[in-house]
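Input: structures, listed below.
The same chain A turns up in both complexes below, where it pairs with chain B and then with chain C.
Showing the complex of A and B:
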């Protein structure tokens, strides 16, 4: 008997969420098939790739990044250069320096950085908070006001601060928000339920269901994303139909494969190459498992992953 | 497997306020009942207009439009002995949220309702009975096959036949309850969808007893593969049981607030 191919498309679909305004605005989600299964049905919006800078601009200890940003003097210069990476759909500003356990930059200092960045680029903006939920609540409240009308995505709110972030950035300032859970399907759904019960519409938030650098318990990430997309599509679970947003670089730039210098372990070879390899392999795996958007720091990673997406979708 | 489907049974012309609303085509009492049931978690709403011999088509079209316009094209189950009324209802029915359900065909006088469903690309509730309650499961299965052959012969998908095992009343037919459960298992093993009038089970028992009997029966039936029921979604105990069963069967992903969804 001949093989009969039955396209596996679903009547349910992932919500479509728009980030940014004007011609360069992007849409996340919208598909009614499994991740990258463009052979089952047309994928409404290809997954998107973001270029990331931090409140300090970029990591000057990475030679190839320093080479890419050569000549950039201000944060505005760096933002423009990052937004211009071939394959980048949006710009993410990671305010890691706001962490009270780190540089503890004030809300005003961060606002100054963000406002300079926002003035310099016209691509969609994503604000990534620091590791401290309380500080992010303060930070997002100020920045959501500052960036009104720009339809910015705030990453992330968690169980401890979703009420404030959803009420402020989400409801009061009409920005987009991201609900973050740590590789826990039940909590991922619960957080979406709680946010929806606050009155946010389904097309105003995305979720980060958690991630890990490849090799660091990544199989849990895959099974979580798999189960989430299965519930969203096969079971038409409206509380899991949010697009998945994954800040890959925050994971990969903190593992030893990326941090250790070539002087310390010569047999591992170039640190820059390793950093790109970690970003590319993690991002590719996230996209295959279900991410609708990934964030990357290195121009080479952005170029590689965007080419991969273009070839598959 | 998807979530269990509750067809809300409370728009029924046996209720005096609904009967009067249908006679005079007054929207409010019907809209109120519809809203209560949808808020409580019903997926489909049954619209029982009774025999409606005089103005069936007109009444059904009015009811379909009224409910779908007010509740975002809620999917409906058209319930009357008047075939012309069902056809008329389907003509104005919006399929955005699901196919219409024809309620119902049996292997006896009402078998032509299968033809009606087939001709109109509708789902059909297929009672596994001919005249009255079947005496055993062999008889149920015989009628099930008859109905299936008829539907398939007319080009229907098997999934659009929702077989009704006929729930029977505990007070009087207590010894037949396990037969019903066993038959549901047989239907599920063959991959068929199923539904039925759940509240028959607790008929004539005291009001405060009905929820626990209905809830227990539905939990046991879901375990055996029942996919839907015509029931009262405003019964909190019943709905909490159904939602919990959906979790335990892995038809719906658990979240702490699952009872509120």
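Showing the complex of A and C:
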């Protein structure tokens, strides 16, 4: 008698968006099945994993990161080392230091960092802005010009600054952009509609529908992604068919479980281990819920998640 | 899948005897279909028809109870594939894989992870005892596992060894995971004799389906399906296919909870096990067996599970009270926000990062976020004042400064009136602004 299989393949599919140029360029999306359901139909492009560095390079208080980057003196060295992490498909530069509430680095300082990085690596580049939308508008404008021809992804534009970012990075400089909304399918769709009305083609932008570290309201992430993928595939909603791009590390490296030192809570054990497990758990859950790309900081996380993707897809 | 009125009508005697209180059998059938009257109201319904009906109206996935007393857990009983469609009901259980050789080395670490998070006890609920060939040693292992007050899973396809183990700890409602296509009759007899749940596995989904069907035909419906395949890919496919068949495609044969054994597909790779456990927590693992459970693994996994298995209609709440942070004492400043768990965790995290000693006051705001609670009148000058009186804050804390969320800055004036002697300070709108704000404030 056996088991009657009912493969769930959809006629609609997720948009395919290319980041980077040349041999190492990557494609996000393109699948016509639910996340990681490779048993229903072949998944056009496996989800991608990015290695993240910041404008300062990396967090020197994390011993295992310091060990990995040992001997790196310039930001170019660090970028090369990060891009060489086994399993990394792209390199993300997080310009968190540009935040006016933080180090408030100038656009010129950030541009210097980014051009050094861009000169050092040939993998696809993703630029992650700071928490301040206005500053990001300025930053992205300058960097999109600087990185012309490299097909870079700018993360993210929000409701506050999508017009400027879409017009400059997206239309004027032909880069890719990421539309960010806060764990709500309607907000995600609305921003996608607004961006498409600016004249951006469906294959030129991706979306970050919001994220959280495991344990920090992750149910909203799951349900938003579940519903977005369902609308995109089952209902053929063209305004939700953008690939999902999730900067996981920015969330997981700022929660208590990752920050607290071993001296403060001895029973929790090594901080490095906690940082990796939190990053790995959150990334795996994001991928299972629908992310087409995740960004991670620790080489062990990058290796584990890329290995898991290879095993599943 | 609910039966239509016409389908039920076909099962009635069609005599219009009115004994059920309805004018016709058709009217009765329509009411049964709506769930307005139970089928038992008809005295003439045959047993066969009743059985058919209860079969049709039975939940698509059975709820299986394992363990006893403190270690009792419910598995399965799910009705939806995605939590936003309704809610998930039975949270994933985590187990650790143990054997004779490694039990003593593992048990202390297993017991060390035992803590509370938003009212829920987080610990390793199950111990998966692997049979490796020596019956006497296996019985010893199982006894030790049972003594650890965890639900025991007998990972054993040898009937003699399983019987010896069951005899040794027959009082616990454990799981005998060992039935397959070649031994299911024998194993099922054992499971029935000792009243335990039987785990079924198969070389592939077809064989698994046939074995479960054969067990059901033999009358055993107290089952768990072991979806672990030869590798990661097959295991994930099995977990999804089994659950989807039961909930979406009305295949009752697969309507049982599942067990995923990560030891078999990712042995020794801790980070990979964390990643896979996260995937299977979302996608349909009722029990996940791992090689171990350190705090580093437990913190994200249990947090994830708590998130995913919350009812979307009921917000997660933290207990109202005083939460001293960063070594605060009675002289430390007071900060208040709502009891919505997500708000609490975000605000709590940022406040801890600021390093400034303070007393975080959480009042009952119905589990809503700041603006929603304010709009609903659950987070107001009145509710904050009431909380300060009821919890006797003025005698417990000497500081007379209260920092309120920026989004409810409008409450400042009224609070100053309500709480004479207090200074009300307005914090930034977003939690992300709290670290610089608290540092400046200090």
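We take it that the second predicted complex is superposed on the first by the 311 of 313 C-alpha atoms of A that agree within 3 Å, B and C clash if a C-alpha of one lies under 4 Å from a C-alpha of the other, contacts with A are read in each partner's own complex, and residues count from 1 in each chain.
Everything below uses one rule, namely that a contact is a pair of C-beta atoms (placed from the backbone, for glycine too) under 8 Å apart; a residue touches a chain by one contact, two chains touch by 3 or more.
Note that the coordinates shown come from a computational prediction; the quantities given were computed from them, not determined experimentally.
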{"item": "Fit or clash between chain C and chain B when superposed on chain A", "value": "fit"}
{"item": "First, second, both or neither for A:236, with chain B first and chain C second", "value": "first"}
{"item": "Residue contacts with chain A in the superposition, chain B compared against chain C", "value": "C"}
{"item": "First (chain B), second (chain C), both or neither touched by A:262", "value": "neither"}
{"item": "Which superposed partner A:227 touches (first chain B, second chain C, both, neither)", "value": "both"}
{"item": "Chain B versus chain C as contact partner of A:308, first or second or both or neither", "value": "second"}
{"item": "Touching partner for A:215 - first (chain B), second (chain C), both, neither", "value": "second"}
{"item": "Cα-centre angle that chain B and chain C span when viewed from chain A, reported as a multiple of 10 degrees", "value": "80"}
{"item": "Touching partner for A:194 - first (chain B), second (chain C), both, neither", "value": "first"}
{"item": "Which of chain B and chain C A:281 touches, first, second, both or neither", "value": "second"}
{"item": "Shortest CA-CA distance between chain B and chain C [superposed frame, angstrom]", "value": "10"}
{"item": "Residues of chain A at both interfaces, chain B in one complex, chain C in the other", "value": "227"}
{"item": "Of chain A, residues touching chain C in the complex", "value": "1-6, 8, 36-39, 101, 131, 213-220, 222-223, 226-227, 230, 254-257, 259, 267-270, 273-274, 276-278, 280-285, 287-289, 300-301, 304-305, 307-308, 311-312"}
{"item": "Chain A contact footprint on chain C (complex, rising order)", "value": "82-84, 112, 117, 205-206, 208-210, 213, 231-233, 236-237, 240-241, 244-245, 248-249, 251, 254, 269-272, 274-279, 281-283, 294-297, 299-304, 306-308, 310, 312, 341-342, 345-346, 348-349, 352-353, 432-433, 436"}
{"item": "Interface residues, chain B side, partner chain A - complex", "value": "2-3, 251-257, 260-261"}
{"item": "Touching residues (chain side chain A, partner chain B) in the complex", "value": "185-187, 189-190, 192-194, 197, 227, 231, 234-237, 239-240"}
